[in-house]
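By written order: A, B, C and D. Residues from 1 in each chain.
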Amino acid sequence: MSKVISMHDAIRDLVHDGDTIAIEGFTHLICFAAAHEIIRQRKNDLTLCRLTPDIIYDQMIAAGVCKKLVFSYAGNPGVGSLQAFRRAVEKNEPRALELEEYSHFGMVARYLAGAARLPFYPLHSYTGSDLPKANPQIREIGSPYADEKIYVVPPLNPDVAILHAQRADENGNAQIWGLTGVQKEAAFASERVIVVVEELVDERVIRADPNRTIIPGLIVNAVVVEPYGAHPSYVQGMYDRDNAFYVEWDTISREASTLNAWLDEWVHGLSGRADYVEKMRARFESLHPGNAFAEPINYGEYK
Amino acid sequence: MNYSQNELMIAAAARELQGARVAFVGVGLPNIVCNLAQRSHSPNLELVYEAGVFGAHPARLPLSIGDPTIVTGAVGAMGMSDLFQFYLQRGLIDVGFLGAAQIDQYGNINTTVIGDYKKPKVRLPGSGGAAEIAVLCEKILVITRLNKRAFVPRVDFITSPGHLGGGDARKKLNVRGRGPEAVITDLCILRFAEDTREMMVTSLHPNVTREKVQENIGWQVRFAENVETTEAPSEQELQLIRDELDPKGLYSR
Amino acid sequence: MSKVISMHDAIRDLVHDGDTIAIEGFTHLICFAAAHEIIRQRKNDLTLCRLTPDIIYDQMIAAGVCKKLVFSYAGNPGVGSLQAFRRAVEKNEPRALELEEYSHFGMVARYLAGAARLPFYPLHSYTGSDLPKANPQIREIGSPYADEKIYVVPPLNPDVAILHAQRADENGNAQIWGLTGVQKEAAFASERVIVVVEELVDERVIRADPNRTIIPGLIVNAVVVEPYGAHPSYVQGMYDRDNAFYVEWDTISREASTLNAWLDEWVHGLSGRADYVEKMRARFESLHPGNAFAEPINYGEYK
Amino acid sequence: MNYSQNELMIAAAARELQGARVAFVGVGLPNIVCNLAQRSHSPNLELVYEAGVFGAHPARLPLSIGDPTIVTGAVGAMGMSDLFQFYLQRGLIDVGFLGAAQIDQYGNINTTVIGDYKKPKVRLPGSGGAAEIAVLCEKILVITRLNKRAFVPRVDFITSPGHLGGGDARKKLNVRGRGPEAVITDLCILRFAEDTREMMVTSLHPNVTREKVQENIGWQVRFAENVETTEAPSEQELQLIRDELDPKGLYSR
């Protein structure tokens, strides 16, 4: 039974007001298409989890859908600050924003604990840092083997994870290459999973290379096929990161008014990702990489 | 050849990587510094990106530290869980490179907030991987421009611990890595006194005076007994920066 | 600088009497070539770690090189018991054998803690089992987030790990497909690593598919090229498991005398793996699988 | 069609998998049982092998549970760390299949030692993944031949907990899965009483008497109010076992 549905329906059915959501992807595979649909459907009071809120959550914060942020680095990578995020934190605009803050490793460990259904996850970090003072969820425990303490973080179990991938079959078995970030951990940690792919493939393609399967259909509720759905982030081997847009965002987002105009034009003013791709098409042409194929490998036929 | 203060800073920072085997590459300036080192004196330097890459040979200078060019042609690409647990926490990284919005005389770094955490004047991006890099790498190098807003007597928030209160404070907390070893700025290089772990100027960039340095530091800074003059960037280094790594001059002008 | 050396030299230089050793590989990629060389060089007092001691450690126990076993399943998979292991435990023949016993998950968790340099690793197992009574290293700790207890195991950090792989370059960057078992965790957990491969490849082959790299050369001390080095276990896509040999082993190993005769003929009587492969050649012909290639993927060229 | 007691046991065990979505496949008999279920009434049954495979479609019956045939054509192949943490511990497995050297009236299983742990009469293979399968799968099925050596009043060592001391003992320990649901043998099927969690015979295989069953159990066994007669294996099931899964009759003769 195919799980393929439209982005509109996936967001309508699986994302509810007040939910805790993780749209993950570390630089790579950030599903802007899903974020824009959430904004378009005016979801409310969301708790947004991501290591790097990046400009995807900056847009969602500006649009007012976000109540709380669980994160580790709220910057525009390589460019500077996130302006909407700063306005929310410094001036409560457009609304106050609750923060729950970790480091990258702490967020990775939270997803790990969530995915493995562990009550906590230990990590060597935070010693000497003020982060545990700012976030009482970061705690210390002793070891039963030596006189030693180590920090732990609690599990993170979002209601929904939305994860972009190069390809999946209609059951949601998804394969990723390049940076895999925390896609796997976020998927297993969450109650519901939406997989968004550049390309829908036959199950045989997946089964021909089982080691590349990062997310099994077993935990996937919906598959959305949305080419260029990660733009302005990128998809390894398919399109490049639109670095120019990341730089432009700094200007667009400096003022709430220009940012809102951008949202009106590129999100509210469009009916879905197909429109966005159409409107952005000229730009995509410069983003196609050359070829760099992996050497084929043989799994062997064993009968 | 003429060069900018930023170019000098980048070249001087890259030279600190000589002899290092594995460097953890941070966003921004550390990114260009590590790539310069690999393309000049340290071709065998292994670059580790927190995004999940080991042994990168980036074909272009990546704007972000999760760029596709760090993956294609790398030795290994993996999930962040493996990167943080099996590389960083495992103790495989010699040098971690950090930037700083604020840094104090013991090398403690703030990239979280200016002002009070709950009601900040300026909200900064936060830790990213810095809090763990600061305690898990064998040693830390800091690169940041020298000015009074950044070099403060006491940081508003310790995101990444340096030598904490100085002396053996770090050791007492059983922190694994040795902590900050040098701070490379656009005016001078600072290192840490063996005993007190206080920051002191050990090298002035050409044509930079002690007064000029002091003007840009928020405390009465110490100078080493023998303050050196920082070596100017070589022609090769400048060419690499200008032609290959930062042709638009985003970092180096 | 190439790390390629002979198996003889790798074992001579990197495995010392009294060492704790992990020759891992779950059914797949079990490096019998290394075990035979250890027996041939008459190493002594080794602590051997493996989830499944399998017939590889049964041979080493029979040969008298093993003092202690750290393990979770000491059987001949699909066949029955390990006879040399039973004689050692039940009758102290040829010598007494110390046991430190876990479950599979416990051993996986021990390697994880070892690889990540954690003081312990938590897992939901052992509740209601007598294993914690038999092994006091399995302990319980509380959670700082809820009134809940969970079992933990301590890190395992072998002196040497010996890991078989399909291919590596001369720096030891190794790629594996099929079952990856705990190859990665055992490698990162250990002080020294010997990678044994079917095929030595150019660094470009590795760099053409970085997601398949399981063990980085950074932690590898020696690379040994030993085709068929995993027989009678198997290498995915290259040769099949020699199930007939696993069944035969049950007969060979029933008596110490027949087992010793086998060791004399197949280990002590040969100078190295090349001799073994030559002597076994007819048998290998039936073990070659048909082809089942993965679909090629594109990483993209980004300049 | 004639059939052996073992063939009946295998077919009866496979039928217990009807409606299950994901099964954890153990070595030996469970292996043939799960493969039979997938090839007959449950084509959508997802097979998970502890070796690190999800969604296997084995082309032949694997002798070991780490055979290359479970990898080729599978949906996913992964390290054991992922398998145990993200599939088993995550709670994704409906049914775990276990064998037993000894089993007691509450379904506690011993696969470790006969006799004393430190000085065993017979040293068995040990837990493998059984200790965690027993507590983490939604439910457990046990398959083992009925005889007095195996069915003992009290196991020498609890490798894998069943219902422990009976009643709500399992619940009191906060064990996640519901524990053993059925024990399928070559003579009968046993299930566990709702209240006491004591094992009782609920189905006798054709032509097997109560006396014959009692002779092979080391305690005074209870019989359910309505003891059924186990359905004979179908022609299709027998053909699959004989032609495809176990042509040499290793498990089924």
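Just so it is clear, a residue touches a chain if its C-beta (ideal position, glycine included) is under 8 Å from a C-beta of that chain, and two chains touch if they have at least 3 such contacts.
This is a predicted model, so every value here is computed, not measured.
**Q** What are the mutual neighbours of chain C and chain D in this structure?
**A** Common contact partners of chain C and chain D, which must touch each of the two, are A.
**Q** Taking contacts as defined above, which has more of them, A-B or A-D?
**A** Of A-B and A-D, it is A-B that has more C-beta pairs in contact.
**Q** Could you tell me which chain lies farthest from chain C when each chain's centre is the average position of its Cα atoms?
**A** That would be chain B.
**Q** Distance-wise, how many Å sit between the C-alpha centres of chain A and chain B, to the nearest whole number?
**A** Each chain's C-alpha centroid was found; their separation is 28 Å.
**Q** Distance-wise, how many Å sit between the C-alpha centres of chain B and chain C, to the nearest whole number?
**A** 40
**Q** Which whole number of Å gives the spacing of the CA centres of chain B and chain D?
**A** That gives a centre separation of 58 Å.
**Q** Can you list every residue of chain A that touches 2 or more other chains, as numbers and ranges?
**A** Residues 117-118, 123-124, 148, 177-178, 180, 184, 208, 211, 236-237, 240, 289, 292, 299-303 of chain A touch two or more partner chains.
**Q** Quick check on chain B: which residues sit in contact with 2+ other chains?
**A** Residues 53, 67-68, 71-73, 77-78, 89.
**Q** Just say which it is for the chain contacts: an open line, a closed ring, a star, complete, or other.
**A** Graph shape here is other: it fits none of the named patterns.
**Q** Please give all chain pairs that are in touch with each other.
**A** Going through each pair of chains, those in contact are A-B, A-C, A-D, B-C, C-D.
**Q** Residue numbers of chain A touching chain D in their complex, please.
**A** On the chain A side, the touching residues are 115-118, 173, 184, 188, 203, 206-208, 210-211, 213, 216-219, 299-303.
**Q** In the complex formed with chain A, which residues of chain C make contact?
**A** So the residues of chain C touching chain A come out as 117-120, 122-124, 139-146, 148, 150, 152, 154, 166, 177-178, 180, 205, 208-209, 211-212, 236-238, 240, 289-303.
**Q** Considering the complex alone, what residue numbers of chain A touch chain B?
**A** Contacts found on chain A: 26-28, 51-52, 71-75, 77-79, 81-82, 85-86, 89-90, 101-106, 108, 111-112, 123-131, 134, 148, 177-185, 234, 236-237, 240-241, 243, 246, 289, 292.
**Q** Which residues of chain B touch chain C in their complex?
**A** 21-22, 46, 53-55, 57, 59-60, 67-69, 71-78, 82, 85-86, 89-92
**Q** Looking at the complex, which residues from chain B come into contact with chain A?
**A** Answer in residue numbers: 27-28, 31, 50-53, 62-68, 71-73, 77-81, 84, 88-89, 108, 112, 117, 120-132, 134-136, 157-161, 164, 170, 173-176.
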